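So that you can tell them apart, the chains are marked A, B, C, D and E in the order they are listed, and the count of residues begins at 1 in each.
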């Protein structure tokens, strides 16, 4: 295949990897921050307070119905002006992914909490455990177990969605790829094919193990 | 600050953008459903080699972003002499991405039909075709519908990235107006409204559809 | 910028100290003093518009705009920190104070003047249209009913939207995408600044600039946030000062000459001391 | 000369793929017409498997199964991995089966469940099939639920509908596999009462059950299955349940007694 | 003078929120120390509700519940919508309960399940608690499964572990709510055998069951509940089960007999 040599050019692969690192960094930070946000929203969603319920509903539905790209635009262009926030593109990405990841994770947390059978609370009560002991020793460990596979899947989705960062001008793996394509246009006219091909597989190599882990966890804990 | 006359003037742009978004989404979703059916069929029938290919396809499709898939199709493939129009790339991209999600929803539906249902159909004398059309499929659909509806919404949302390959969808309009007239507020407002107009009814219809097919509650 | 950066590897390490952009809770521009204090000036440039602003094979920003930016930073006694922008984002990076200065082939227009403050020009342009040699476009009327490739947020977009309603515009976010589209035959021609298309056609055999001068002669200038008079004045002074040493001709020789060769008269492009 | 038996099983051997010994080992018995044949035995003894082979849901590796004197299944040693038997639709309708798990089609109403096979397989007239369905529903006390959906019924009601669905095909033999195991006691009673009624009406039945009181009351013939063998066989249900011959049977029945 | 009863319930009235009449209406009885008190009755008669009010899982609207002479629960008419009773941890450990549905904590091993409450609530030494746990597991025949996870156990094994988990707290009264209803017959037997053993060892127990043979064998005292009332009460289980006094009880017991 002609043109593949572009990949062997000095600096090409290291730069792509550097771009990939930006992608992974954004995804990693977003996932990390989504966890506390998700736990909090999940807990809020189980509360029986009407106001909280409505607020959480609107938050969840809005985040879910808007395309992530639209949310990114809202955060990048809108927030900076409305709230006088100075978010750079990377910051906007992290903010959106945390709000989005937090909402999705929150719904998972809520689902996991309500799916714990009532008899688990009742056995704990009869055995004399207090509310905190019941939550920390019985309910939470079970909820986390139910939560983990779906959360790993969510992480995969966040990694994939970081690709949109390029459309805000973040210099991540796709943008680096475009720069390389541009800089090598004359020597390697078909570089586009190879660079985008490599980026395609880079995403695959980051996401695939996560998918496998999620599936394993799901299978392993299916019958518990 | 907020310029209503701008909103008024450029709303028609967003109507066109909405139509483009719908056009791409509808064909992309139809393709995804077709791909999903074929894949689910192959997996359930356990056709040897095809099954492995389906596996590889599903992993590739699920673990890569649509944007990169589109760049590859739109800018990459021409270097091999394959030039597809932006519309074709977008529809194929959505179909490629959505196919694996649809396949999973459909397979889940088929697998959720308990074996005893097929056995009962057998004992009652139903032919394999009758068993599939009268017993298995209707039940499979009822379990698959929520997943399929979720995928439809997911794919419409994903279609927002087709603006990157110069398709004039809703997202494209917003970026274009921001770039030309620096009317950020108004454009973002129209953007949000357009997506609400597209997705809210579908979301509500989806809920209705799920209820409609929920006769399988046991 | 928060987070790591892949565009300017040399800057990545220094980034840790500069989480300031997102912690600073307002969108008003930084003063000259604040810039000096931070040791960095944030400049928006193109990363895919050779030879004006691009990233070379080593991952370094290069080009006519960047050459100027380096000098500005040097004279201010700070390090430049580049942000890669798409054409359409150039106004917003300023209004939302994501950068201090835009040096991204920013053509001065009336609409833009309402949103940002332009300093004195350092380049002049008109629009040009590049097309395949096999089907050259030499007049705008030839484009009727045809597809013209455009980068979003450029003056070319505005001009064609206003003056050529019968042309189908195919718009891309990024120059790189637009060029690729032209190469793959997705449109009949591509229009942007004539300086740009001339340079590109030179290095892309099979393409010709059939229209070299379209619309008004425009100027290209640095831009700062509206009202940031202090920085604006300083940049203007710099341009005056640099004019005296014929800086922009030097810039041309370093960055544009290798591309244009001798066919183009530098004075058709370069503006010294802000005097058109 | 005795009458032809409804069902006769000879030297039946069944081994699941990947298993190291047969689940059913050289089993023979006959089910006379109009009689109730009860199979009891500990969990895992092969009771369900026996019914499933007779229904054609599992291939057999040895022996034969004959319905009304006609051999409908012959063992093939290499069939362990084969799927269901390739019986004709008409043949399948001659043996009815009711399962432990609720097996009504959730996408059809009560009437739809019952009339599906007669109209589709036997090509009977819909109106006629519905008339018979309603008669059957009356017999099991559910005539007023004919338009209900399965999920609207209690477990006991569902099992009674499942019985009607099997009966409408006029099967020569009706197989029941622990049809009350998943039911609450009250519902157990309503289903068992329907089965007692069937027995009285002369329906040939093969019943797997853990309800010993019920088995004693309904059985004309009992076998005790254990480890794939018939351990004890009796024509006298009362004698079997009060005073079995074998040690194994005594031991098995003791699990249902206290003190 | 008779001994203090382990548990005494007086005029207990329970009404669920939104219900138009009480589930338990003015119920009184006493459970003597060391005796087995069996509650039978048709589905929906309030048996589970009765045990749940005693365990503190449901508020009561009238009457009192006393444990070893001390009143632990007093009815409040406005409490229908209140949650569980606010009993102290220590008080709760004095009444044990085993549920119908498997209620082991799936995130803990067998030993972890049993030692959780003694170490956490009673602050007992872990090693000592584990020693006792192993002794209890030996008693129910599961010493070798002490490190297994709940999902690795059969239904019968899980229920036996649940019994150990309740026993380790040395409850004064142990409540069983149809603990064998979801089990296969073999497993039913292994669980009931454990309960018979407990009865012999003098554990005070209140048992709701549908196994009449078992009830007859284990009961010191029986009540038949119907529609929230005690319809018949007897100190002589044998007499109650063979020849009850009331028409309602005769009718109820007939549902378990066949001809």
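Operating definition for what follows: a contact is a pair of C-beta atoms (placed from the backbone, for glycine too) under 8 Å apart; a residue touches a chain by one contact, two chains touch by 3 or more.
Going by UniProt, the chains are A = Amino acid ABC transporter permease; B = Polar amino acid ABC transporter inner membrane subunit; D, E = Glutamine ABC transporter ATP-binding protein.
Because the structure is predicted, anything quoted here is derived from the model rather than measured.
Peer 1: Touching subunit C and subunit D alike: which chains?
Peer 2: Correct list: B.
Peer 1: So if I look at the partners of subunit D and the partners of subunit E, which chains show up in both lists?
Peer 2: Neighbours common to subunit D and subunit E are absent.
Peer 1: So which one's got more C-beta contacts, B-D or B-C?
Peer 2: Greater number of contacting C-beta pairs: B-D.
Peer 1: Once you find the CA centre of subunit B and the CA centre of subunit C, what distance in Å lies between them?
Peer 2: Roughly 38 Å separates the two chain centres.
Peer 1: For subunit A and subunit E, let me know how many angstrom lie between their CA-based centres, rounded off.
Peer 2: Their C-alpha centroids are separated by 48 Å.
Peer 1: Nearest whole angstrom, what separates the Cα centre of subunit B from the Cα centre of subunit E?
Peer 2: About 53 Å separates the centre of subunit B from that of subunit E.
Peer 1: Measure off the straight-line distance from the CA centroid of subunit A to the CA centroid of subunit B, and report it in whole Å.
Peer 2: Using C-alpha averages as centres, the distance is 20 Å.
Peer 1: Send over the residues of subunit C in touch with two or more other chains.
Peer 2: 89, 92, 95, 173, 177, 180, 183 - these are the residues of subunit C that touch more than one other chain.
Peer 1: Which positions in subunit D are in touch with at least two other chains?
Peer 2: Residue numbers touching two or more other chains: none in subunit D.
Peer 1: Could you list the positions in subunit B whose residues touch two or more of the other chains?
Peer 2: Those would be 75, 78, 164, 175, 178, 184.
Peer 1: So, with touch as defined above, which chain pairs make the list?
Peer 2: A-B, A-C, A-E, B-C, B-D, D-E
Peer 1: Mind pulling up the subunit E residues that touch subunit A in the complex?
Peer 2: It comes out as residues 55-57, 84, 89-90, 92-93, 95-97, 99, 101, 103, 105-107, 116-117, 120-122, 149-151, 162, 165-166, 169.
Peer 1: Using the touch rule from the top, collect the residues of subunit A that touch subunit C in their complex.
Peer 2: Those in contact with subunit C are residues 9-12, 15, 18-19, 21-22, 25-26, 29, 77, 80-81, 84-91, 94, 167-169, 171-173, 175-176, 178-186, 189, 192.
Peer 1: If you look only at subunit C, which of its residues touch subunit A in the complex?
Peer 2: 1-7, 9, 21-22, 24-27, 47-48, 50, 54-59, 83-86, 89, 92, 95-98, 173-177, 179-180, 183, 203-204
Peer 1: So in the complex, which bits of subunit C are touching subunit B?
Peer 2: 87-89, 91-92, 95, 111-112, 114-115, 152-153, 157-158, 161, 170-173, 177, 180-181, 183-186
Peer 1: Under the definition above, what is the set of subunit A residues touching subunit B in their complex?
Peer 2: 3, 65-70, 73-74, 77-78, 81, 156, 160-164, 166-167, 174, 189-194, 196-197, 199-200, 203-204, 207-208, 211
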